[in-house]
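Sharing a structure with you now.
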Amino acid sequence: MVLKTYRQAINEALVGEMRRDADVILMGEDVAGGAGGSGEDDAWGGPLGVTRGLLSEFGSDRVLDTPISEAGFIGAAIGAAAAGLRPVVDLMFNDFVGVCFDQVVNQAAKFRYMFGGQDQVPLTIRTMIGAGLNISSQHSQSLYPVFSYFAGLKVLVPSSPYDAKGLLTSAIRDNDPVIFCEHKLLYDMVEDVPDENYSIPFGEANLLREGQDVTIVALSRMVHVATEAAAVLAREGIEADLLDPRTTTPLDTESILDSVEATGRLVIVDEAGPRCGMASDIAALVAEDGFGHLRAPIVKVTPPHVPIPAAPNLEAMYIPDVARVVEAVRRVVAY
Amino acid sequence: MAIDLNTADPEALRRRLALRDDPVQRYRRLVEIRAAEERIREFHASGQAWGTTHCADGQEAVAVGLAAAAPPTDLFWVAHRVHAIGLALGCTLESVFAENLGRTTGSVGGIGGSFHLTDVGVGLIHSFTIIGTQIAQALGGAFASQVLDSDRVTVAVFGDGATNIGVFHEALNLASLWKAPVVFVLENNHYAEFTHVDAVSTVTPLARRADSYGIPWQVVDGQDVEAVTSATTSALEHARGGAGPTLLEMSTYRYLGHSRSDPAAYRPEGEAEVWHERDPIKVEAARLRALNVVSDADLSAIDESVANEIAAAADAAFSAPKPPLSAMFTNVWAPEPAP
Amino acid sequence: MPKWGMTMATGKIVDWIATEGALVDEGDELVEIETEKSVNVLETTSPGRLVRRVGQEGDELPVGALLGVLAPPGTEVSPEQIDEFVAEFNASFVPEVPETEEVKGPSRVTVDGLVIAHRHHPGGGPPAAPPLVLIHGFGGDQDSWQFNVGEIARDRPVRTVDLPGHGQSSREVGDGSTQFLAGILSAWLDEVEPGPVHLAGHSLGAAVALELASAREVLSLTLIAGLGPGTAVDRDYVEGFITAQRRRQLKPHLLRLFADERFVTRDMVETVLRAKRIESTSEALERIARASILATETEPRIRLASPPSPTQVIWGRRDQVAPSAQAEALSPPLTVEIIEGAGHMVHVETASRVNRLLRRMATVHD
Amino acid sequence: MRTMRAFEERMHVEFAGGGVPGFVHLYAGQEASAAGVCAHLTGRDVLLNTHRAHGPAIARGADIFAVAKEIYCRGDGLCRGRGGSAHLHDAANGLWAANSGVGSGVALGCGAALAARTKGTGGVAVALVGDGAVNQGVVSEGLNLASIWKLPLVVVFENNGYGEATAAEYAIAGGSIAHRAEAFGMPGHRVDGSDYFVVSESVGTAVSRARRGDGPSLIEVDVPRFFGHFEGDAQTYRSPEEAERARRERDCLVKFRESVISDGVLEAESLDLIDGEVAHLIERVYTEAKAAPLPPDSEFMEYIYADSH
């Protein structure tokens, strides 16, 4: 058993795949940090140190610092992918997709489809999601529901170091554009992560806990909030089936529907906003295909429909917490 | 509904006007900015503030020179490294400290944080964390001046990193076509986050890019308040007179890392020391001494009075309340239009 | 309170099966105990009369705590004597701190170029006692002995190991034959345990154990749910297990390993999946399955007619993967135990019974 | 060039008669540009196409029947009916990503060039971009990337005078597109796009430079656009005489014919013969394309994701 951080797990997946396949390249702003300066070459290793050490092993032909020009370098990554490389490109904060939205949703997502399946875009976009650092609403959003809207993109929301390594490995090997959403509050979380390469298939929800009273579906960091809530509830005699979909496209609808069939109750915990999000998407799925099994209304535990405030006390109120999940479950169980 | 530009905090407005014709006040503001950022770093280091913060140590002359040159009716759209320019434009120490600490008396009530300072009353429209956004927005402000037939000039302040993003080029093209009353201020501190400017562009000086859009440009000594003030004054008048935009490249240097977590290991040994020799505070002190405007005792007195003000402002910021829950839901939407 | 599992710290009494005052014989079911990982029945290890049920149903007790008092057959004890015994026991009882070895992970050695993960459990018995080496089955790992190690280690050191292609050992499996696997384990034993050992293997591990017993000095041999090459095994199970990549595909196969579905917990499915996801695992399992499990061969019958060591065979009556009928035909010198109500994972489902059989076999042949 | 022209003239007629789905943008007038570019490209090179896609697709060697069928959104069209007129893409022939997102070709081209260099194929990428795209941020970002990474990329701006309906002169500050190259530290030239030989020479120099590893170049090709921005465009933003004059004075086919005859390279008869063959081919192409079936309903959900490897 080897305890590793989420950060190390991602780094290992990158190293593992770059060693395994010479077509894998890495690009983004400061992925090495220090290009062109006369100081250290790999001074930073990514804005949060995730890609540290890759430059020295793989060289500047495969680890490329880019200017601040997301539309340009993500477009270039798409082109390189279509031409046979497997670029892993760092979009830093997912909020920055605003400046390269066209490249991501009109180019990467549709390159294969609109050209009748002639090509593929084996591209991985790593990007940070999540609130909790008091850095306000242009650096704290969770936009995976936006990406999930677009057919042609695959969207991953790993909630643990083990999942991060396995899913990133699958993402790099996958032949489609994949958005890999790293929650910035998880980078220091540790877990047992094998040294070997391994891959986790897309579209398989992780079942973290088995119970018969309620189904809780939680995504990304909210998985940990829900886990804690489930432990509190278990002490009250309420046993939850806790599912982490891990990938929002493809979505493991079967596991969610099966679980709700057994429990009759559904609570969804999502850090993305309440409108047009994964919580509403999953609620709609169960309302359409699992209505007959429901014994209580579906409850979504999400932030309110507001931008994210920087003030620490307000941000804490914005992010769903254990108490809100516990309360929601009690409500559906008592219904 | 347009924003109301007449809501200046009287104290902030006084602070802004104080720089206009008073070199001693400019010197004092340089000192104040340096000390205030040091205090802000203490907030973070001690865990009283968290999130991140971007300091401008070494770049104070650019901030103070811009504020000294521009009348308070001109509007600034600036980058995330905003404490210096915010304080130069007049934001009070307390409002900057409180915003870093997430208090209601912060410049945006604690909702924005360190890098989103705003005080429209003194012309600080907003500070931006999405690189380059302010360049297009300032152009829009200039366009508004044209439509409204105002003699207001807008200023976009951005870093060297922003000159590679598309919106910089898009905005320069439009500004040139429209002869917009805007001044583009490229604050070249030589590093975009951790990457040296030479690694991400093949053109030197960067300002030469303006040629491709038919815009005049100039490289300015960003360590010297007087040089910045004088170049900016000309550019503002050029724009105000209807002659269109100018790109000013302020050559300066960031003493510290990109953000509070950055030790700046990517820089070569000795590089910072060279710039320290031309520290903007040193340069200005030497000038004032040479002109016999101040004595050494005056300079010490300034240091002391700044320190006292900072201590008082920090105390005030700490004693201000944290925002109530209702603040989270305020200003999501503009008020309903009047019937 | 028995110790079933290396990290087990406490157990909960679910149900007393034996009534107070009842005469019980070795192997009789005494009490049902729930741990974090399973519900299992504790069996009597020596005959006597259950004179006191100390722990009550619903009690959660630390490992080693007093569950009840058994008086030797034919002796009479007064309630006062029992009270005194209980008081004395409790006065001196200090709950043991659970082992942290599982958290540390297994040790690793390199044998013939392969990394082999293994654990040594010194236990509380005489250190010089010949150790028992446990070899897990196809697709499992050394942790599948977690309900057995603790009890057996009371008598003697226990060694567990991950076979090549399994657990945290190398994915290199040579030609996948039992000879190759046994060769690696023999080299491993040369390194860590050169002296005589007792040996037990489950399923594929039984085949490897039999091969190993022909190659080196083995004091006793226990074959659990497997007889070596030629054991009749359900082909669909083996192939389904290898190809399953997802929880929902794998679980039906794991359910076939047990008579009682409750053993197939979320944790178990996840653990197996995690091992299977490691690069090259499917290829390794495939190769082993082709060479060692699905190949048909009659030789073991001959070999078992005169086994290389004293040998016992243990099987679950309700084994759906390797039918127990094939054990019924065996005759002395083999001893054969077919356990009612247990499936293929007989050492997990009826851990207490299997532990008793393993301890006795080793003690008799030390 | 004759095939491109004939294809578009016929398309103009067919579109007016109905039956051509979607938006169609005709390339007529600009043929010397595509021909001049493609003359220097080999199989390992990539040409990034624009939404004014028909001409460059034909010039690059895509099957003209499949091109026509794609424009008619037929099942065996170049892109199986998923793309239509503006999205012609022929991976096997190094023709890429005709694109409605104007300017994207520069960024995508950077990627193609990066891949060629990383994989050591010796290939270059040529991105065609219209004058309307020159002010897109992604173009600036792509030019900068190509410059700092010294990519084997040639960016060819086909300046046909109008970005949709807006005059290039109105929309482009700084005097010319070629002048933009300075902002990115690369060579930039403006050439007469009605003269095939001029275009070809300029592109040839730039492609050789890229292939040598000396980095990117920018070429502004000044071309006339004979038709509107799209078919159905009444073109009220320009005087009727302007297009007429362009046809009269800046027709690359006329210039080519005059040039090769006066230089004694080809005889008028051989050129007439080619024109006749082309007319015959175009007739077959349109007959076949119109008769081809639409994509089967059963393939509705195909080509969204690649199969994993």
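By letter and in written order, the chains are A, B, C and D; residue numbering begins at 1 in each of them.
In this text, a residue touches a chain if its C-beta (ideal position, glycine included) is under 8 Å from a C-beta of that chain, and two chains touch if they have at least 3 such contacts.
Since this is a predicted model, take the numbers as computed values, not measurements.
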item: More contacts between chains, A-D or B-D; value: A-D
item: Distance from chain D to chain C - Cα centre to Cα centre, in angstrom; value: 72
item: Chain B-chain D separation of Cα centroids, rounded to whole Å; value: 45
item: Centroid spacing, where centroids are CA-atom means, of chain A and chain D in whole angstrom; value: 39
item: Junction residues of chain B, two or more chains touched; value: 164-167, 199-201
item: Sequence positions of chain D contacting 2 or more other chains; value: 137-138, 140-141, 144, 148
item: Multi-chain contact residues (two or more partners), chain A; value: 66-67, 69-72, 99
item: Which pairs of chains touch, using the document's own definition; value: A-B, A-C, A-D, B-D
item: Complex interface listing, chain A residues touching chain D; value: 23, 25, 61-62, 64, 66-67, 69-85, 87, 99-100, 102-103, 106-107, 111-122, 151-152, 154, 173-176
item: Chain C to chain A touching residues, read off their complex; value: 102-105, 168, 171, 245-248, 265-266, 269-270, 274, 277-279
item: Residues of chain D defined as touching chain B within the complex; value: 135-141, 144, 147-148, 170-175, 179-186
item: For the chain B and chain D complex, residues of the former touching the latter; value: 164-170, 172-174, 176-177, 199-203, 208-209, 211-215
item: In the complex with chain A, residue positions of chain D that touch it; value: 46, 48, 77-83, 87, 89-92, 96-97, 99-101, 104, 106-116, 118-119, 125, 137-138, 140-142, 144-145, 148-149, 302-309
